[in-house]
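I'd like to ask some things about the structure below.
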Amino acid sequence: MYDLAKELYPICRSITGNGVRETLAVVNKHIPLDISEVPTGTKVFDWVVPKEWNIKDAYIKDKSGNKIVDFKENNLHVVGYSQAVNDRLSLQELTPHLHTLPGKPDWVPYRTSYYDESWGFCLSHKQYLSLADDTYDVVIDSELSEGSLTLSEYVIPGETDREVLFSTHICHPSLANDNLSGIALLTYLAKELSVISTRYTYRFLFVPGTIGSISWLSLNENKAKNIDHGLVISCVGDEGGPTYKRSRRGNAPIDVAMEHVLRNSHLNGELEDFSPYGYDERQYCSPGFNLPVGLFERSKYGEYSEYHTSADDLSLISPQNLGESFQLVRSAIDILENNRKYLNLNGKCEPQLGRRGLYSAIGGDNEKANKQLAMLWILNQSDGNNSLLDIAVKANLSFSLVHETAVLLEEKGLIEEIEE
Amino acid sequence: MYDLAKELYPICRSITGNGVRETLAVVNKHIPLDISEVPTGTKVFDWVVPKEWNIKDAYIKDKSGNKIVDFKENNLHVVGYSQAVNDRLSLQELTPHLHTLPGKPDWVPYRTSYYDESWGFCLSHKQYLSLADDTYDVVIDSELSEGSLTLSEYVIPGETDREVLFSTHICHPSLANDNLSGIALLTYLAKELSVISTRYTYRFLFVPGTIGSISWLSLNENKAKNIDHGLVISCVGDEGGPTYKRSRRGNAPIDVAMEHVLRNSHLNGELEDFSPYGYDERQYCSPGFNLPVGLFERSKYGEYSEYHTSADDLSLISPQNLGESFQLVRSAIDILENNRKYLNLNGKCEPQLGRRGLYSAIGGDNEKANKQLAMLWILNQSDGNNSLLDIAVKANLSFSLVHETAVLLEEKGLIEEIEE
Amino acid sequence: MYDLAKELYPICRSITGNGVRETLAVVNKHIPLDISEVPTGTKVFDWVVPKEWNIKDAYIKDKSGNKIVDFKENNLHVVGYSQAVNDRLSLQELTPHLHTLPGKPDWVPYRTSYYDESWGFCLSHKQYLSLADDTYDVVIDSELSEGSLTLSEYVIPGETDREVLFSTHICHPSLANDNLSGIALLTYLAKELSVISTRYTYRFLFVPGTIGSISWLSLNENKAKNIDHGLVISCVGDEGGPTYKRSRRGNAPIDVAMEHVLRNSHLNGELEDFSPYGYDERQYCSPGFNLPVGLFERSKYGEYSEYHTSADDLSLISPQNLGESFQLVRSAIDILENNRKYLNLNGKCEPQLGRRGLYSAIGGDNEKANKQLAMLWILNQSDGNNSLLDIAVKANLSFSLVHETAVLLEEKGLIEEIEE
């Protein structure tokens, strides 16, 4: 995952344009994406697909002809969606177009202006303070023109057409945690799920933020009704969190599953209620859809200091953090896949576990004891109302133990799955 | 408000009699009260309107002819509803008729005996200890006779006949916080509401405690069904609290509104569940009515040391405290008036705020950020189930911000009020 | 109660056999038990009644002929349900049959092996370490054969056939807190209830753990539907807890009553949610029955260090602790017996308490004040929805005060019982 993020890091992405296409071409080497283009001007609910933006070069040259700010060195130097410029400007004229972070004088901020036609450069505050009161050659070789927005998805069919949705945005330029970590995690997750058989159908969306998910929902409105569970994935490579923000429903199975995963992790996870700002869960959880889609992150977006700055680079993310995040999401999938309701076939009093070799009469280690507890809990609670996840939560046991134990009890003929 | 309390302070009020009439005449200079008399003997639910009590003079004279306890100096000196007396008594005979506060030796207690025919004097414990073992001339020139109980109300019609009830008792003699503060606040509140146009009809009751609210409810039973919200107001001039005691329903809109008001105030407000003792909310919240009426106070009645003593005088209340209390109640009215449900007309995905000038693309101060949040919350939650107050509570934003923002979104055609 | 426990202490009980019969014979001197025998091999739900076990003698003799471990000294020395043995064994051969507690080197553990045919001895770890590497004569003079399981019950009829169930296990040998305390408490409770008239019918079960309650439920399935409330009683003689474990329903009236009893006790009680391990509540609360039966203990079984060891002897329990436990259960019975719903006959406004002599106009001590509060709470809440227990909980007053006050209000014609 880290290597994929590294490979994608230099590409200049935005909500449209060739950077997104180049990114998807790399992902496509791992999983077979279904890529589609939505033309500029297409109406998608209340929005209109904007012009496509592409950029070849951009720089500020000082009087001596030195490129002192150079897009080719770091694509954050140009405000996203900047119009073309080719001019000589005094420092005074240039300054309103310059963005810096006075509080973090060494970092370059990340800025965009998708829906306001303008242009600008981002640079470190330190460099800004060193600029001589002089004239500068300013060039942005960009094009904003009729084109299209690029959407992509990968669907792995399961036993049923009920779906689990995973979505990540692909519109940020050289930012590692906010964006590339999500692309990398979902690429490898899709790769892993593609070779196992699953109950659910899995849909992976790699789309530009906001306008991308809105476009997908607008063009695929009929598919939304199949989505039983979903996660937006972002900022999963740093060492913060993990954080789970609940879906708008608040108690959807994905919410219960993620809470269980975080509580059973050695990491000190944090749970948040839904709020209507963040990533694309804003769209999936808009009242007209109200899909059971939560947000999984490590550090919370906007709350870590490197967020939307040049410091969100490859050093902020690590293979270990990505691996941990992957495992947490994988555990949630295990829950969704294996969460069933069973019926205790001996509802009146406990069945005799001993005669079936299920009872270790004397002593037993801690794992055995927990397995014993899991048996008793499953038998007691399997009255048709409680799923294995409900039971794991109530019993304060791990879902995997409860699931394994249910499989054993089913083999022994003590419980029977309830078809829903 | 303070000046009105000051003007009313010297009058000797009780549950019936001319003191109440004199008080209402003063209030009537500010707002046009509708005053009615309920004759002695009238049956009001389980109660009967008592005889009317009036008092001209009362004193205890020592052997030298000095008035050592004088009603004309402080009307608390006489137990309310004392029978007429004109006698010479030894200290031993007099003592059972004397009430003091040994724990607060400088203060005169406030006592009444409405439904037991008796008489008595209240004096400071210090003075009591100084009484010589001698004979005393004891005079109470009072009359307890057929008459009437005085009720008064002021109704400000609104757009609808759904009502907000405000009620305060008017039966306490020279006590400033417990009683006069409530009369003063409601008088000025009524004055303010009378000159603006409101959705609700506002009904202000100035009635004697217990028997007054019971009489009003008994004689106006059919009006109770119009009451959608209500507050009993008492003890609102001291610097304690503020305190809100919920209605018997516990989660009526007035309860949610007052909780929101207190939580959003810089004052350290306290919330209590309903209990069936206190002021006239006991009657409004009796099970046969169960009206959504809470109690608003600063210090809790019975829990501040000056309660029902001569120390509850004009120095205990202040213009500033009265003003704060007024503002809190006023904020609750703003919520009740403006709390509506809206429907997001673009339920599927967010509408594009930017194109409507509703989105500040880069940066923005804290107030702007909160307005942005308010927009997102209103749009996300306006699915027909949530009122603006529900949204303000969920979003942890002030109701006024949420309301202003809703007005803006409605102007922009993004949401539409749901008629109920 | 303590004397009864003392009398029963030396008897060697197990899930079947003469020890149980001997125990019941002693209890029978206090209350007239209905004793029945369930033959070996009887199918009871998923279980089969096992062979009956009886033991006459058991010992380990050293080379010199000294009985170094002797069943007649302490019946814990033999693993329950041990097969007959008569052999000479080396220490090495003997060791796998010996059970000790290395962490508590002076105590003898309690072990059983009901459903695995085997044999064994329990001894202190200290003694085990002192055993010479020698040969030993090992004798267990026991019999495992066709017979029966002994059940017993005592039913005290009440005004209705709705039942309160009390159940305790009778299968532990010389253990004082875990078992004898429960037998003693229930014996004396039954004795007390047998001489008073009650609303409910009371059913006391004295049965072997697990297989006993399963057998009773299997043979009396039709009686379960009459059970409105129930408690399993165990470990009620030590000074820990008290602890109440809720029924599977979680909010059954017995759960609310026991919570109220514990919260109003000076002892620092603890409440636990239901879990499907413990004593016979496991069977009563199996999903096919789901009876409203909780577990009352002092220290929690398995969590006090003397649990299932020779240290759970008569010194662990005391008359005082048994008495406290008895009183707590008795209080719960008072609640169940007296918990009714009433209707306030003056639902509109408060009735005038003063004219009925129910209102102490001036002052009043704390008890009077609480009685006054109880009146107001009962009148306010008696709208047909709230029982006296609901009111006591809401008002934070003791049930007994609320009940006494309700009786008074009913006498005065202010409230009327609602027949359900």
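In order of appearance the chains are A, B and C, and numbering begins at 1 in each one.
Going forward, contacts are C-beta pairs under 8 Å (C-beta built on N, C-alpha and C of every residue); 3 or more make two chains touch, one makes a residue touch a chain.
Predicted, not measured: the structure shown is a model, and the values here were computed from it.
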Chain B on chain C, rotation in degrees - Cα superposition, rounded to nearest 5: 120
Numbering shared by both copies at the chain C-chain A contact, with half separating same from different: different
Mean-CA-position distance for chain C and chain A (Å): 54
Multi-partner residues of chain C (at least 2 other chains): none
Residues on chain C engaged by chain B in the complex (per definition of touch): 344, 346-352, 354-355, 361-362, 373, 376-377, 379-383, 395
Partner chain A, residues of chain C touching it in the complex: 44-48, 99, 111, 113, 115-116, 210, 213-214, 217-218, 221, 248, 275-277, 282-283, 285-290
